[in-house]
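Working notes for the structure below.
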């Protein structure tokens, strides 16, 4: 007699990918996580994000999954990308070990900057690991049309990352055990990261 | 046999918060209130709003809930924020006691103005209480990316505040007893306020 | 066992109104009309529109419903309003009797033009009736924030007027007898009108 | 006990058409295609597109369906159209036989360019068929308001083409056998085409 969603709800991955000569960039929306306070109320435990995954190229249209680097854009950082004009740039800094014993050992920065002829932006990721003494740099040129897809898709998904869609649509506020959170990628704990 | 939403629909609060040095700003969408005219028709009794709550800081990352001040943005005021350009400013005046015996005793103004280097806007709230002879001023700097999040989220929620989503989606027009209004915060009557 | 929408779906009117000194402007989205081709397929019979209703003022905050004039914006005209910049103007011409015996007898024009200080637009409706030898002019000043609400709400509703939401959401393609069209205002045939 | 969508879900076509003197342009959103990986997970097999169909005029308001030409805009190309400014132009090249034996025999190009007085854009389609030794050219002038409708509708549909709406709305992730893909037009294999 209910929505018939018990057991029949599928996991689904719908990345948007940009493949370029030296690296590729994959974007996955990660839904928020809700928890139950009591039988009648729930709260948002962790807001969603857009997970960026960079892959270096190791040949023509071949990319190295082992050497991938991730960067999880928060709602506010998603807002930065949405409002990015043709000549704007922005930079974000993350520490995946914030408030842990190895805080500061790994530093990630994502620098988004227009290219010289204003035909698009470079997405430059730099990951410095003081323990392993490594520094990875990955850069993907994003054309104007691709940035437009990102901005449209990010504008669509932002209210969902914030949980505001559940305010707008009461049917989205079914009890958590009946309606799974729209999390689709289970991040291993070590890969979760937050803004500094 | 129905949507299975009887008893299993949860209350949910999904504020978007901006924490700054001197004060914090919390935003909560409040859904419209519908009422039944007769068994076959309903009408919108009160349009929704976006409730802004300002909190003064009383230490590092500590805010004083007791000294909070609220300002409920109407649909048209939400429209002002959505259309706010980088160098635009706007100002709204509210009287929480409009058309009551103590009309004019409490005056609220929200002034949104660009900061000097155009990197964002200040949200300045001033509340003057003639009875208690107090004047509170709370100011939160909102960065460009944060304003972009607000504008995206407000654009998403505006049709819901107006009830237009229930026109677009017939399933949202189930009888009110079956489908609760998406009101999530029950405002105490004393805190309800309207534009002058 | 189904969606439980048999008999419990309510009619709902959610106009957005702008009340000004000399006249008022009411906006109602009217959903598209679908018809069944055969048991397995349906088609859009008439696209939706946004119905504008103008009322002249007959006193302070009093408006004359008897002297109302309507103008139904088509999808393309809604697109014009959405894309209207601060200094842009546009004009639409309608004949409510197009392809009928009294074609050309009633002429309607809606002229949207920026006001002199660029703080908003005037919505000027002119209705000329050659049979009754009357000409009505109604003008409502629409502030920048109000136009922004209209543009956000129109952008939200446009895909629904076109029926594209039913492509995006398969649950919106239930058989017509199960899922009523989101038409909320039953226009009397004489009031239906189309672009020339 | 389930959504009651077994058997009662209708096929629906909701094209947006622009009829002009020398040719007409029809736009149909085509949903993505999902497939099941195992009982608990599904993946996007092919992203959706917006199918453009051009028809030459053969008289006043008469168009020749037999001589139609199609061009399927990918998500990134839809992004290009969404971000097209009043003075921007763009061009796309397709080969419907990419990676097949007759690769390169048919070449399609869509050139979107502003007209001389900036009142809109021309959509110019050129199809060269080396086997049949034919070249078809079809050009449709698209007014500013019509482009605005396209941009609003494309912005709405883009997340659906990418499958991101199924992330946002868990009810859209019912098992594929329960919830048909929103594909509405079954393209004959010969008409499927992809970006080069």
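As written, the chain order gives the labels A, B, C and D, with residue 1 at the start of each chain.
As a convention for this text, a residue touches a chain if its C-beta (ideal position, glycine included) is under 8 Å from a C-beta of that chain, and two chains touch if they have at least 3 such contacts.
From a predicted model like this one, the values you see are computed outputs, not experimental measurements.
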Is it true that over half of the residue numbers where subunit A touches subunit D are used by both copies, so same, or is it different?
different
Starting from the mean Cα coordinates of subunit B and subunit D, work out the distance between those two points in Å.
39
Between subunit B and subunit C, what is the gap in Å from one C-alpha centre to the other?
28
Could you tell me which residues belong to subunit C and also touch two or more other chains?
1-3, 155, 165, 171
Looking at which chains touch, is this a line, ring, star, complete or other?
ring
Each pair of chains that touches is included here, namely A-B, A-D, B-C, C-D
In the complex, go through subunit A and note every residue touching subunit B.
1-3, 34, 36, 40-44, 75-80, 82-83, 90, 155, 158-159, 162-171, 173-176, 178
In their complex, what parts of subunit A are in touch with subunit D?
1-5, 8-14, 16, 29, 31, 143-149, 151-153, 155-157, 160, 165, 171-172, 179-182, 184
